[in-house]
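My questions all concern the structure below.
All chains are identified by letter, namely A, B, C and D, in their written order; residue positions are counted from 1 within each chain.
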């Protein structure tokens, strides 16, 4: 059975990545695309890399007949997403890739995003989309909120450790290095090739990055008490990929064991042998997440290093994985593409 | 039906790219891998990006039972390939990715490669693997010689024009910009990140690059007279991708028309609208080749710009396309992966 | 003696490069800086790499007391420059880095830039700033027009050959690869790291790039007859550097000899031994231009490859070289900085 | 007065960087260069970026007349350096850039480098070359040991804080991102452009990197008790530059204040305003180190971020700064080159 798919916000990187992945998905067919200021254009004009595909043209959202859509991906900007989704049919299955429905608590949303939520009823309905930890809820959900790409990376490294009680909850440092595509197709000076290609730098440091809202919500839930990690993202001169170096207080062998056992049967999560370290070059363009664990020379401390592709496992790949669940399809369908190396 | 595949020389980039593509090919299964000095190792040790796959370990070639192999890809170094293939069963279907069987004329081989061919009988048997122009021969072949990646790019731009007689055969300049993965996983100073990342330079200039042997052979064959193009390859600070800027004397509109018509029904060759130009960013990781044509302000002169991914359409993707034909499978099977952008 | 320097348009890349070079120039001191929309800011806020320097704040142009300025660099955008310079004191020495005064013929200016020149009297007064070929005129000039960076590169390769009559004037192809800083600090999608880092592409092809106006003017002047070259610039995934591959009809040995002799005593122009090729990595951040010559296998054809740093020899370094001449300082003062490699 | 300089090991990156910097140093002249396997070659053959300089040819070390040398830089590989320096005249001033004389304790040397020191008497004589903290000793020294580039970065961030007693000595994490030139011109797979350009990864994690020997020695000395930091270096896809993100327990305002005051009069150390963060793009090719401090949302915790160019302030620039002191020259001579941006 082929499911009819709409993508709203198809003119950004996550929208384009959805199209890339669905292009070889055997049970999805794109029947509608929206693209804000680019309505009327063909996708091949906006994204020449898609020119071999027979795709519908970019439309305005209000032109789409949602009665002919089985599932809708929303790759719209933050804040726009909640306004748009509030206008869509209430029985339409939606996977949202924005930040709008990630935080369950309206007060937390307001604190991190600076204004009240415009669709609090939808916010209550949304299921947090970290697939491996919310499978049954996602399968039953109408509205799934894709996670932040940094938030996903940190959680893959930490959730099992917090759940198992093997690390000190007050001593967690996440030092993260992210490729530039995570910033989207936005025109900013620090994203220019001339500025970034030799310009590693930290940003949103010291507890100001919005993905901390997700860390706080999820880690506190898992721990059953408030958990506040330290989190410093850095921009690294590469396109795709996130590498999170996580410093924890805990027994390194036990840390490895917990992660290894938790993910032993997961199709997309690969825990390396103890002492081996992952690289962003090994997951590019794929839905895989590689995790390594090393012991520090300081006894009782360990490093967990996790890598994933921000556009795939961190965003559009995750979205399709969730959509597969929602549509009753095998979860890995269309997502077993091997990474592109070199 | 699933065909059993062996890959010799699986520890290099083209070998790894074959594994990447076959990983989602519905009618091929890898049953044997050889890897020279890395025999005994698992592929995930040599190429961690493949660690999610269940693959046979790297063996020595002599350990492989070729009676259990339906088709063998040879991704061995030049010169090694001819020696190895000479020892393989004479009824084994082989797609060779080296330079060893590209030139039909033993004298030409000796001139370009500096020594006599070690397997002249096989050389005579081999079919040149530029799929779109040798389909029936490839489908019937036992041994197919994959083209040079630069040679493929230049031919896609020029063959139809030479065949149609619309350009001056004595005035052809191919200025080519190639990503570094085309040089393989070789340890050379100019391939180091520190040296290449801001270091565009020409190499093998003035008629010394070996792929000229292929241009000479094929273009002269098509033209029915000797054709000697000018060809200057450059190393560009990127990983994948070749962009060939081809300067020809001919009517630009007619040049576009000939290319457009020649490739109108080809699944992997996309001729852009007249005046539009392709970019390497739009074909990365895929088997597509994009071609653009522009007229010069000097009347009667045109530019043809062709891009493809050297490891895919220029090498391993082409090899699988040829193997599909040899096995009687639909030619595009496993190869419709969309490019990875950004 | 220390000369007092003003820089108009100091908030762009060429303005910043002027500051970088003057920082260690023993006979220049920056006494005024203008920066359009950033007036009131300190340079260290706009360009943190300059934070160790004691610089005047960015002002509005009208706030500058030009009676206290010995020489003024104009690094303003095209079109803005002519309007601003028309308002400056008529006895102020000016080196303009924009395109506004490069073309002597008002009709040519209008053709290439799409509108009439706003200061035709100044246009008549301006001297073309290709130092090595206009030394006496520059030394005596009040207003010098810096060349285009691509235009400089092509001219270093070709002017001596045209002057010596050793190449066919109707068969000149300039295939140029340029780093991204040449496009300035402009916010465009194709300059984003995510789009460019693996995205080599041609732009302004077929005779549409404005630097052709300079080629036409200068080459025709040198030849004493109209010369129309073919010119295709490409954007290459690097920050600094231009590599021009120039295809000519002429005797390779003679081509090399003419270039070698012409530049034998030039401090910044290095002609490599016959057959050797330059790389952009070897001139980065410096005022040097390296030139190589190779013979093609097609008899009577040669390749000339020239490299320079677009921001230095192609723009701000050239500007200071010209300013040195105008101020009666040794031409190389402050410009002998070695390239930065790797 | 011009001092006569020899450089041993001039065919590596740090040797080349010494030549680059001395090229515009007004009081040093290179009179001898050694280059191991490249003896007999001209520097312009080994490093074409230096081709404008008039340099002595590469010799064997034993061919150099050290009686005509005022100061010798040793840029030889680790272990080689101690063997060579033991054979040099005992009154020759030497700045060593290798790791051989950084650790004062022979047992510590043996532990980190895996074999006994071959010149323990010289080891005792050597002064640790972190200029700002060892000025009088360096000025009086005959043999100065340049620091590790990572070790310098971490110490600039931490030494004043440890000395002032404002941070918890048992809770220090140094997460470091380094450009690839720090690995030298070595031919290793992970340094290839194809592997590194999208391949951020950690290396020598968990307390195994040799620069920890320096951290331990120096921090313990300053603290007056053993200090063992956590240190994880990462390779980042850039050529030059190190960014160290240092996590400390301490009052952020006090941390900033201590750093600001300690470095207030230092010519090369720039402490940014509280809350501002540095980038590697802003120190490339220069001898400057930028340091930023941010408070974390977790009370009592702070981030210190330090950047420098590994080849300049982290190695060859530092070496010249030390040599200036040893020769009685102003410490900043030849080192005020502005960073190269973009």
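Keep in mind that, in the parts below, a contact is a pair of C-beta atoms (placed from the backbone, for glycine too) under 8 Å apart; a residue touches a chain by one contact, two chains touch by 3 or more.
Predicted model only: the values in this text are computed from it and were never measured.
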item: Contact-richer chain pair (by C-beta pairs counted) among A-D and B-D; value: A-D
item: Of all other chains, the one whose Cα centre sits farthest from chain A; value: C
item: Between chain B and chain A, distance of the C-alpha-averaged centres to the nearest whole Å; value: 36
item: Centre-of-Cα separation between chain D and chain A, whole angstrom; value: 39
item: Separation of mean Cα positions, chain D and chain B [Å, integer]; value: 45
item: Multi-partner residues of chain D (at least 2 other chains); value: 13, 179, 181, 192, 194-198, 237-240, 278-279, 281-282, 284, 342
item: Chain A contact footprint on chain B (complex, rising order); value: 13, 16, 19-21, 23-24, 47-53, 181, 197, 239-240, 267-268, 270, 272, 278-279, 281-286, 288, 290, 336-342
item: Chain A - residues contacting chain C, complex; value: 13, 179-181, 185, 187-189, 191-198, 237-239
item: Residue ranges of chain A touching chain D (in the complex, touch as defined); value: 173, 175, 177, 179, 194-203, 205-208, 212, 228, 230, 232, 234, 236-241, 243, 245, 247, 277-282, 284, 294-298, 301, 303, 305, 342
